[in-house]
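Below, each structure is written out as structure tokens.
In the two complexes that follow, chain A is the common piece, with chain B as its partner first and chain C second.
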Partner chain A sequence: MTFHERLQAWRYNLVPDHIIGEILTKRWTDNAIPFLALLVTIGVFGTAIPGFFEPFSLLESTRQLGEFLIVVIGLTVVMLAGGIDLAVGSIFALAAFAAVAVFFIFELPTGVALLASIATGAVFGAINGYLIGYLRLRAFLTTLVTLVIGRAIYDILIVNYGSLIQMSSASSDVWDFIGDGAFSGFSVPVISALVLAVVAHVALTRSRPGWHILAVGGSRRSAHNSGIKVRQTVFMSYVISGLCAGFAGFLIACRLSGAGPGTGLNMEILAITAAVVGGNSLGGGRGSVAKSIMGAIIVLVMNNGLIRLGYGTGTNQMVLGIMLAAAVILDIRWLKNRHKVLNELYVAPIYHRMGETQSAVPDSGTPYALNNRIAHTEYIGLGELEGPEDVVLDKDDHLYCGTRHGEIVRFFAPDYKRSEIFAHTGGFPLGLAIDKDSNILSCVGAMGLYRISQKGEVKQLSAETNRSYTSIVDDARLRDPNDLDIAPDGKIYFTDSTTRYDAHDWAIDSIEGRPTGRLLVFDPATGETRTLLDNYRYANGVCMAHDGKSLFFAESWACRVHRYWLEGPKAGTAECVIKDMPGYPDNINRASDGNYWMAWLGMRTPSFDLALRHPGFRKRMSRRLPQDEWLFPNINTGGVVKFAGDGRIVETMGDLTGNSHPMVTSMREHKGYLYVGGILNNRIGRYKLENADPAWTGPRSYWGART
Partner chain B sequence: MSLLDPLLDLFRGKAVTIPPMDGALRPNTLLDDSEVVIAALEPDNLAVLNGKLIYSSGTDVRQVSPRKTIGTFASPVTALAVSDAGALAVGLDDGTLLVGGKEIAGFNCITALAFHKDTLYVCNGSAGLAPSQWASDLMHRNTSGSVWQVDPATGNRRQLASGLAYAYGLVIDASAGRIVVSESWAHRLVSIPLSGGRATEVLPRLPAYPARITASETGYLLSLFAPLNRLVEFVLQEPDYRADMMREIDSRFWIAPSLSPSHSFLEPLQNGGVRSMGVHKPWSPTRSYGLVAELDHDFQPQASYHSRANGRFHGVTSALMLDGAIIAAAKGGNHIVRVAAAGGT
Partner chain C sequence: MAGLQAAGIFRQGFWSQERIVLGLSALLFLVSAIALPGFAEPANLISIVRSVSVLGLLAVGMAIVIIGRGIDLAAVAIMAMSAAWYLQMLNDGWSEAAAFAIALAAVLAIGLVNGFLIAYADVPAIFATLASGSFVFGFVRSQLITQDAIPVPAGHWLEQLGGVRILDIPAEVFIFGGACFVAYLFLRFTKWGRYVYFMGDNLMAARNIGIPVRPMNMLRYVLSAVIALAAGLLTASSLHSMNTRIVNSTLLYDIILVVVIGGIGLSGGKGGMRNVIGGAILIGIMLNAMTIIDIPNIYQNLIKSTVLLIAIIVDSLLNPRDEQTAQQGDI
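Moving on to the complex of A and B:
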């Protein structure tokens, strides 16, 4: 290995590039930009304003922040439901007036003042909600009207009753504490805001009404079609917003012990800016409370910071406007381009040097030399079938295979001309096996391990295993369950080929070459699935040895076959029995002569082997070329290989014409014939074997003569 | 292109793109549906000698009808031309140039020959490599091709242009006083003054590598021997991989253009070329293709004849108009075929 190559190996195998792509699949990455903006804002104003971080200053700032945050959370709920609430400012002001009037003019207790504020908010919210939700008026115009009318009412009231309030001598400790006091540095508004934030977050992300709000905002029509009461949900969102604004109004009333002409003025602009700058989508459906908190802090710090630095109202408004515009543009660009960024960054190849292999070229004299023996098979289901990844035959000679439409098709013996859809799984059935009760077991791509009874009832056995501690994407989920076999004790051993790609993207996994394949076991007694082995380059076919004491499994992209011991001194360990093959192994099954059949899904090419030693080349390829143009292993030529339990290669068959079986993913011997399937083929091939036991069948080999 | 693009390019790298086959070059199956003239092993350069169609194949020059071998040479024949007087000029892979059987000059990469008024014009594809090593020339990104004027009587020669990215075909446009040359690796046609000088672009951005050009009644016929392929273009931007590939891998299995459809499972495969449900998609990315283009008198494409990714008659290196029909030699498809001219108007 040259020094340059060694550098490449270090660079690409030690730096976990794949983490970037995996993190980007997480929705919380939407918060990255607002979070950065938050840090910058606090950093800039924290250094520019002397005493910014002093406790008293923080306490006063956070008091105001608490009130503001409550309003913003309410507005967020409306925006998530796809609406907008411009009336929050005037509701806030009216609620503040209501509290002040009840407390100072009618001299009632603080609790009543609180109720009055909340009721004011609820009434105005309900008016908005009724007009927008039930009468289906436009949210923007409707709340603009409520904003103007609410403000007018407030101005009239404050002119007429302002002096009464100022002359009142009412006082209360509770009122004063809410306005001035603090529990060990946390004022009442801050505590209320935090409680509300937690409640709102849990409600939005974990509760049925919260999901309804997000669904309505995401797509009204789909929400309606799935039975959500859209109008009621919209109505409720405005009521919630009104309640929040009302409660915030009560808090400011306590803090200022009064209400003036400036209360709540322009608050709607600040609140909307905060929600949008935090990353909540104006279009609805996308956003969170966390985003709103970030947005609220950014806006408030900037607003107050600019005032304290001596800039006028004009500058302030200008900055807010620019922030709003930037946030809206970023939001749209991010929404539009996120999946593109993800597509380009997800493939993170690593360095891998394939071992020298023997040639598979015809007449090369090696045991792997390909030929044209399976080029002329008898076709089953030609033109009807699409994607029989695996084939299996039962004790009555009927033939089963999966299709890419999610079905398991049964062809009837003896001529296999007639077929029926045996079961519908909904995923892509890959590996198949028959248990001792004649149930069909299948690894269904992207779904899990399933059992189909002879009556065609589909039952999920397993869809998850234990999660590893360091995974970013959820690797408990079975992403690409591929092949299985059943031990004599009934335990089901199966592979999950990769945790990086979904089942239909299986070939892309070869470009990346990251070993994430696993061998799993499902125990029917406990119903639990465990991971036995991890870190294989596309774990694929599984086959129980004839004696049932060990199993073979294929590691496709490494061109290796391993043996995993179930019993004996090596129990629980795996050893490599065949390495450095010239083809990529797929399913493995028993042969009648005590050997094993292995399918080759494709052939190694010198150019691809070389590319595996150039991870940077593959990485750039995945970014600069569309997927159709990527270099692939040669999966247009496959084959069938027979090997002995000790790893010796007995014989190899192929179809170099590519007309019948270009890619072979499975083969099953049954009564002297070999049945050949391919995941990208549109037929099953039936090939007459010479020197095979004409009575041998798989079910009998596994479960004895009684079945 | 938005303002942010240059900035984002840092993160996403530059997409590798190629010109589309569109307009007059829109794909069809005319070449695949054509009539077979003769099956021959790697038929290369076509010419007309005494009114009869001749072609080169390996070390032979053969006549189509009646079938006979006109000459056999020490090295594979790489170019043919017939003078107005009926003299046959032959270029060989070892660089020998023969006129009327007499060796008159030595080059190293004779890819095309043409007579004009008893003067012979020669395309020397590369300064260091033989025509059979063309893939290597491309992978080295050489631009060492040249065009020469040779006096067949004396063997005196003069270089008209140099620094061409594989000159692989030429035709004399006497009315405009210029020679139009195929510059394969630059996928374009360029023109050179008859007296020599700088090359100027005539037809840029071809979607395939141009080979020989012949004159016809309506203009010219251009053969294009392999398609541009985005993966190959990408490999050309990757010096490390390319160097290792050239050092370690047999040139038959390179990621490089090819004359013939895939022969071996050791050849590279692209995702789009995977056979699915028994179908090889004709529009899939491919390293070999069959393409003949009809050009007008201004060298603008008017019509085209294709053998697509799933077709047979790939690697057309030579085509000429004979009795109102187009005769094309599919070197990679091992056939000479005849197709009625669509009539480049």
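Moving on to the complex of A and C:
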């Protein structure tokens, strides 16, 4: 190894580049920019304004923040549902007037004033909701007009009744406490806002109505098609916003003990700026209460800070305009380009040096030497199938295979001309196995481990395993469950090939070469899944040894086969039995003569082996070229290899023409025939084996004569 | 049957919004003429048209934007602040040419920025113009001018323009009429004018047939901004000053009211200058009648905004939103 190569190995294997991409997949990264803005805002104004952090100053400024936050949370609900509510400013003012009128003019208790405020908000919100939800008016313009109407009504009320309010002498301790008091430094508005924030957060993220709101905002048409009452949901979002603004209006009424011409003026533009600056998307579906809290603090601190620092008329509007424009542009550009950034950064190749291998060239004399034996097979389902990754035969000789359409197809014995869709699982059924009750078990790509009964009923057995403490992407979820086999005690051993990529991106995992494949076990007795082994380069085929005391599993991108011991002195450990093969191994299955069949999905090439030693090259390739032009492992030639339990290679078969079975991902021996499948093939091949036991079947080998 | 066919006004589809507005205007005119003393006098009629000429001029710009499926909420801010800054520069002793050139350049720039945000940064028009309107007001008020109202310098041509009469009709009326005529020629007989309709009808289809939709989008906001400057100068000429507090008034909603009530659908692609004139006349009669009856300003606001709400509801019933061409986030 040259020094340069060693440097590369250190650089790419020790520096965890992949973490950046994984962090970017997290939705909370959307909050990073608003959070930074929050820190900067507080930092700048906190230092510029003397006494900003003094308890009394904080108490007074947070009082206003509480009211404002309540309004913003209501607006957030509307925005998440895909609308906008400009009328909050008027609702806020009218609700404040309602409270003040009830308290000072009619001299009723504070509770009634609260009810009056909330009722005002609810009625106003319901009007907006009816117009926009049921009459399907444009949200922005409609609430703009109701804002003006509300403001006109408020102005009329203030002109006519303002003096009555000022002359009143009504007072109440409760009213004063809400306006002035505090529980150990927390004023009533702040406590209310925090409670509302928690309730709203839980409701939006954990409740059915909350999900409906997000669904309607995310895609109105899809929400309608999936049975959500879109109009009612939109209506309710405006009612909620009205309620929030109404309650906030009550709070300011208590604080100011009155209502003046300026109450709630321009609140709508402040609130919208807050919601958008926090990172809530216009158009709905993306956003959170946490974002709104950040946005509200930023906007209010900036707004009040500019006033306290003595900047003249107009400065606030100028800054608000800039903030609103910048936040909207950032939001829209980020939403549009996020996946591009992610695509650029996510692939983080590492250095890997493949071992020297024996030749697979025909007639080279090595055990791996390819021949043309499976070029001429009898085709089953030619043209009807797309992507039979694995094939399996039951005790009645029927043949099952998965397809990329998420179906399991059954071909009927004896001639396999007729077929039916046995079950629909969704996803992409990959590895198959038959248990002792003749159920079909399948690793469904991108979904998990599934059991299909003889009647075709699909049941999910496992979709997650234990999560490791250091993972950033959710490695509890099964992203690429690939192959499985069943131990004599009924436990199901299966592989999850990678935690970095979804099932359909398996080829990109080969570019990266990061060892994240796992061997897992599902225990039907407890229903739990555990991770047994980790850090393999694309863990693939699994096969129980003939004696049931160990299992073999393939590590595709490392071209190795490992043996994991279930019993005996080495129980719980794995050892490598075959290394440095010339092909990439896929599924492994039992052979009738006590050996094992292994599929090669493709052959190593010197060029790709070289590329694996140059992670920088692969990184540049993944950033600068379209995926069609990347250098991938060769999958144009595959093969079938028979090996003994000790790792000795018995024989190798191939299709040098590439016409019948270029990429082989599985093969299954049954009554003297070998059935060959390929994930990118459109057929299953049936090959007559010489010297094979014509009575041997898989189910009998696993479960004995009784099945 | 022949009798029914002849009675065309009962035919379905006859009552388009435009005809309803004309009918309403006529009705309102008749009722006002009979009920209100002094309403039908020529002087009052002239003052009606004169009172809506600034509003109508702004509505011409807004109509061009809305027909292309957009909206310009910055129009009033641009109008008031560009004119105020222009007057401020004159008062500060700048030469006429320099002050005008700078004001015009600023207005073009803000129109370009609006258009850029909407066409290239994909910001919804309402937000882009809401933000830019807030910025324009804030920036000019805090940085460029010294007080809320800026007077027209004595002897300036704007002062004289306010007094010009042709055949006893104030010059504003001709300016409004001329703007309508030019905009009519632009929309009907120029390629770029036709593009406005195509883009308002279906932006993606317009893009697919090769219309340069992004530059054309910018053009509309630039036109709207330039018209706003003209409206600002006109206001200054008739009031002899520019009061920037007008930005906080309901003028913006009055403009939208004129356009929508005239029958230009907010979903774009429909309407023309006839609708602007119709809407402006109806609103002019309404405002004039309310003033003669002596309804206080705050009640007038309530009535106008309620009428606008009704107009929007009727608009949404007559021109229902097309869910197929409406875009996600098109609020």
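Assume the second predicted complex is superposed on the first by the 707 of 707 C-alpha atoms of A that agree within 3 Å, B and C clash if a C-alpha of one lies under 4 Å from a C-alpha of the other, contacts with A are read in each partner's own complex, and residues count from 1 in each chain.
In this text, a contact is a pair of C-beta atoms (placed from the backbone, for glycine too) under 8 Å apart; a residue touches a chain by one contact, two chains touch by 3 or more.
None of these values were measured; they are calculated from a predicted model.
**Q** Tell me which partner A:I149 touches in the superposition: chain B (first), chain C (second), both or neither.
**A** In the superposition, A:I149 contacts chain C only.
**Q** Using the superposition on chain A described above, determine whether A:I472 touches chain B (first), chain C (second), both, or neither.
**A** A:I472: touches no partner chain.
**Q** For A:L370 in the superposed arrangement: first (chain B), second (chain C), both or neither?
**A** A:L370 contacts chain B only, not chain C.
**Q** Given the touch rule stated above, what does A:A487 touch, chain B (first), chain C (second), both, or neither?
**A** A:A487 sits against neither chain B nor chain C.
**Q** Looking at the overlay, what does A:R136 touch: chain B (first), chain C (second), both, or neither?
**A** A:R136 contacts chain C only, not chain B.
**Q** In the overlaid three-chain picture, which partner chain does A:F632 touch, first (chain B) or second (chain C), both, or neither?
**A** A:F632 contacts chain B only, not chain C.
**Q** Which parts of chain A are touched by chain B and by chain C alike?
**A** 333
**Q** Write out the stretch or stretches of chain A touching chain B in their complex.
**A** It is residues 4, 333, 341, 344, 360-361, 370, 386-387, 507, 603, 605-608, 610-611, 613-614, 616-617, 620-621, 623-637, 656, 658-659, 662-663, 680-683 of chain A that touch chain B.
**Q** Quick one: which bits of chain C touch chain A in the complex? Just the residue numbers, please.
**A** 71, 117, 121-124, 126-128, 130-143, 148, 250, 253, 256, 266, 298-299, 301-302, 305-306, 308-309, 312-313, 316, 320-321, 323, 328-331
**Q** Sort out for me which residues of chain B touch chain A in the complex.
**A** Per the stated touch rule, the residues are 4, 11-16, 229-231, 234, 238, 240-241, 244-245, 248-250, 253-255, 262, 264-278, 284-285.
**Q** Given the complex with chain C, which residues does chain A contribute to the contact?
**A** 82-84, 131, 135-142, 144-146, 148-149, 151-153, 155-156, 159, 219-221, 269, 272, 276, 281-284, 311-322, 324-325, 328-329, 332-333, 336
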